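Across the two complexes that follow, subunit A remains constant while its partner is subunit B and subsequently subunit C.
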Partner chain A sequence: MIQAIRRRTNIYGAMAGIVPKTFLAYSLWVWVSLFLNTITMTILVFFWKAVYADTGTIAGLDLQTTLTYILLAQIFLPLGDLSMIFEFGYSLREGGIAHALLRPVDFQGGFYVQYMTQTLTSLFLQIPMALVAWLVFGLRFPTDLQLWAVFILSAILGRTILFFFDWMLACLTFYTTEVWGLGVLVYGASLFFSGSLVPLAMLPGWLQTFALATPFAQALYVPLSLLTGITPLSQAPMVLLIQVILLITLGVLSRLFFRVAVRKVTVQGG
Partner chain B sequence: MAIIETENLTKVYRTTRKDPGLRGSVKALFRPQIVDKLAVDRISFHVEPGEMVGYIGVNGAGKSTTIKMLTGILVPTSGQVRILGRDPHRQRVDNARQIGVVFGQRTQLWWDLALIESLNLIARIYEVDPARYKQLLDQFSETLELGELLRMPIRNMSLGQKMRAELAAALIHEPLVVYLDEPTIGLDLIVKERIREFIRQQNRDKGTTVILTTHDLGDIEELCQRVIIIDNGRLIYDGPITTIKARFGKYREITFETCQPVYQAIALPEGAHIVTNGYSPEDRKLVLRFDRTLTTASRVAHDVMDQVEVNDFSLTEPDLSSIVKQIYNGALLEETTS
Partner chain C sequence: MARYLDLYGLFLVQRFKILMEYRVNFLIGASSTIILQVSSLLTIWVVMSQIPSLNGWSYYEVLLIYGLITLAKSINHMFADNLWTIGRQYIRTGSFDRFLVRPINPLFHLLADRFCHDGIGNFLVGSVLVITATRQLNIPWSLNNVLYLVLMVLSGGLIFIALNLITGTTAFWIMDAVPIMRVVFDFHLFAQYPLSIYPRAVGILLTWLIPYGLASFYPASYLTDRSLGWVAWGAPFVAIILLILAYQVWKFGLKYYAGTGS
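The block that comes next holds the complex of A and B.
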């Protein structure tokens, strides 16, 4: 048993190790995206200050809470990134899927490890943005270690939920060639429902309920609302329980989806 | 016991057909025409351990589809395939440990990283013992001349360098079965020869079973004792190269360069005929094929030169390429019906 775990750790560890290297192969891209993300963060700060110019609170949130949430949402934005649709689509078009299927590892397991490593790498590259948020916009990071612990747990669960959801959508690329349209559609949905632009607490009741049920919100808004106190810590057990249930359900569904979809795979005409 | 077994292996692709133009696209949106294409049609063969088999056919004949079913990437529509006693699709992970694959037109290496990074990762994924890995890396570096390539990102490599790197990656875990799909496509003669030597060495020293698909019949002649030929998804020949050469090698081709275009009929000795495929009087090239068991080259040349003024002529010995061309032109069918 221990031997099996050690073997798997060694294999998946090696697969994880390759991610930062490929990521950092394009240094210009890293710097440009950092610059653009900082600009976006700046615009959002001024936008929310303007929104709050004539009012003290919106949906029970004051300016400081909203700004803290928005700044943290921009820093932790990689938690809500989607990549599997384009990854599968590109891989099918270029034929790389054939080699991925030929590796002696669990196909989904391999992608999951790389997905999570990619998230960690992206978060690491957000450190300069966090410094800007702290030094320029006066972001006050929560100091309660319990909050951080709950946040990290919720973020891991939420990111995994999003992975399984992203995976199921990516399986559709085995059936359709319209990967770009599908990718844009999902990206648009994630922009609104992840809570990266607006705290979901500000949405009308019915829309908030719907948004919270989406994997996009589970990955970003739910953990951040715990960290910023929008969702009280006392509700954390229930929030985490819901996340575990979603994770198990989507995990099982995603395995079934793949098992059926992979039978449809075609690689460059054959 | 056979290492590769296929029984009535069949693959049908279901595709959507669109009429040309915008109207066709709109029509397909509402009433898509579903078309079934039979890519592989009831193919059965067995391969014994240590064999090197050439799997050949024209573009679209079903070669790559067969290979992908053997590797477990594609699921057969019907029929059976077993590799080392396993179903390669259902037991994908176990099967993957024992096989190596090179798809000549796509890479399994990490595009942005140095070759050594890719090889290190592959060795860890396949759980190659570190000491053995070091030994193999040294061996491969020498045979495939990888020395300077190890530190080079894949994206900076030439086609030949990339292919050498691909072979190293496909064989670093010492697989029992290797599928090579067009491994020498677009390569110059020197690189081709180096790659052929490497494959030969792996087969000789480790008993690796090799399935080779290629359009370069030189690869097959150099490496394989057995050849499987498929056409339109169906197996049309499976046997030793020597047998096929003996069966179809009785035909020779003789090419005459005539002084004038030849329009008139020419009387030929029994067993000789004009190769009509591609024949053009304006080219002033007259290609004849004759059965050397019925007539001789000198007899054919004599008869032609009696009737047509000839500048030059040449006799072609049959190689595998010309034999395959004959088979595709119906020689196998002709032989069966006669």
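The block that comes next holds the complex of A and C.
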């Protein structure tokens, strides 16, 4: 039993270890991404300052809360990243999926470990962004440790929910063979519904209800709204319970979805 | 010139034959950029519905700016998207060699090689935004205004192409030019909103150095009767100068091409 666990941990550990190496192999991209994110941050800060020039609050949020939220959203953006569509698409094209399916490791488990490691690595690489936000844009980080603890828990749950959803969308590539368009389509939806551009509290009621139900919001907006105080800490147990229910539901659905879709796999090359 | 137009037509027909082999993929690709734009537009709608103006610009005026930059970008996206792939697809693989042995201009061949259908979505979104905004703002569709709009959008598109050509040419030295291209290209995001909301330095940068502002903010200012003088007509002149400069940079870079594969 212990040996089996140790063996499995070694395998998943090796799979996780590959991820930071792939990031470091493209160091130029890391710096360029930092620059591009700074541009986005600059635009958002001045946009929101102009928005609040003639008004005190919007949907109960003042400029300081909105800026704190927007800057934190940019720093924690990797929580809402999607990658499975391109992972599946390219491994279909290059034939890598055939090898991956033959490995004596749980297929989804392997991807999950890499997904989470990728998130951690990306978040680590966002530290310079956090410094820019702090030094240039005056971001004030929340200091309450309880808020951070709830945020971390909610972020792990939300990221896992998004993984299962991303996984189901990626299974569509087994049918369509299309990758780029589908990827852009989902990225476009995630951009808005994750709350990376605008706090979802500002949305009209019907749109807010819909947005909050999406896995995109669960991964980014929900944890960040707890951290920034947009959602009071007293509501945290209910928020976390909803996340657990969503996680279990999507987890089961993603396994079923894959079991059906994998029959359609047609390797294009490799 | 006529020969090149004929040739472009032939390239385009072939490209559409390929795209039509996978009709669903074509539709997803063409509509994907619409979804991407809808996300940004929803943000503008959500925010602008709760405030009277953005630094003196009304909702429809902001949409006009956004629509103009989207239209200009769509021209680059449809007709010059291959510049993004020159390093990865052509130089690294050595397939750029085939452009050099054929009796047509290699740059023309590179651009004509792939019409990017993803840009159609941007073109549609930009058109709808400009038409809707001008109607709501009671900007008359006079011959003068229509010609001005067409000239500004085309010039804006050429500014995008010229800047991408300059940065894309670095692929002859560094192989993968995409990071360099992105650094310059992403400055166009500033020009989606009124330049007056940013510090003065950003306005100067977006007007004189990386002049995406000439494709959106200045034409929109002109159409909404904000007097800006001759700068409102600056886009065509800047586009021509940038294109000449970009082509010289391209020819210089071409001398340094060395195939890396076969």
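As a working rule, the second predicted complex is superposed on the first by the 265 of 270 C-alpha atoms of A that agree within 3 Å, B and C clash if a C-alpha of one lies under 4 Å from a C-alpha of the other, contacts with A are read in each partner's own complex, and residues count from 1 in each chain.
In this text, contacts are C-beta pairs under 8 Å (C-beta built on N, C-alpha and C of every residue); 3 or more make two chains touch, one makes a residue touch a chain.
Note that the structure is a prediction, hence the values are computed from the model and not measured.
Colleague: Have a look at where A:Ala189 lands relative to subunit B and subunit C in the superposition and call it first, second, both or neither.
Modeller: Touch status of A:Ala189: second partner only.
Colleague: Examine A:Ala149 and indicate which partner it touches, taking first as subunit B and second as subunit C; both and neither are also allowed.
Modeller: A:Ala149 contacts neither subunit B nor subunit C.
Colleague: Using the touch definition from the top, say if A:Leu241 reaches subunit B (first), subunit C (second), both or neither.
Modeller: A:Leu241 contacts neither subunit B nor subunit C.
Colleague: Would you sort A:Val136 into first (subunit B), second (subunit C), both or neither based on which partner it touches?
Modeller: A:Val136 sits against neither subunit B nor subunit C.
Colleague: Now for A:Leu256: first (subunit B), second (subunit C), both, or neither, which partner does it touch?
Modeller: Neither subunit B nor subunit C is touched by A:Leu256.
Colleague: In the superposed arrangement, does A:Ile18 touch subunit B (first), subunit C (second), both or neither?
Modeller: It touches subunit B, and subunit C stays clear.
Colleague: Quick one: is A:His99 in contact with subunit B, with subunit C, with both, or with neither? Answer first, second, both or neither.
Modeller: first
Colleague: Per the definitions at the top, what is the overlap between the subunit A residues touching subunit B and those touching subunit C?
Modeller: none
Colleague: What residues on subunit C touch subunit A, complex-wise?
Modeller: For this pair, the touching residues of subunit C are 22, 24-25, 28-33, 35-40, 42-43, 46-47, 50-55, 118, 179, 182-183, 186-187, 189-190, 193-194, 197-199, 202.
Colleague: Show me the residue ranges of subunit B that touch subunit A in the complex, using the header's touch definition.
Modeller: The contact residues of subunit B facing subunit A are 13, 39, 62, 64-65, 68, 71-75, 92-94, 96-97, 99, 101, 103, 105-108, 110, 112-113, 117, 120-121, 124-127, 153.
Colleague: Touching subunit B in the complex: which residues of subunit A?
Modeller: Of all residues in subunit A, those touching subunit B are 7, 10-11, 14-15, 17-18, 21-22, 25-26, 94-99, 101-107, 262-263, 265-270.
Colleague: Could you pull out which subunit A residues touch subunit C in their complex?
Modeller: Its residues touching subunit C are 28-29, 32, 35-36, 39-40, 42-43, 46-47, 49-51, 53-55, 58-59, 176-178, 180-185, 187-189, 191-192, 197-198, 202-204, 207.
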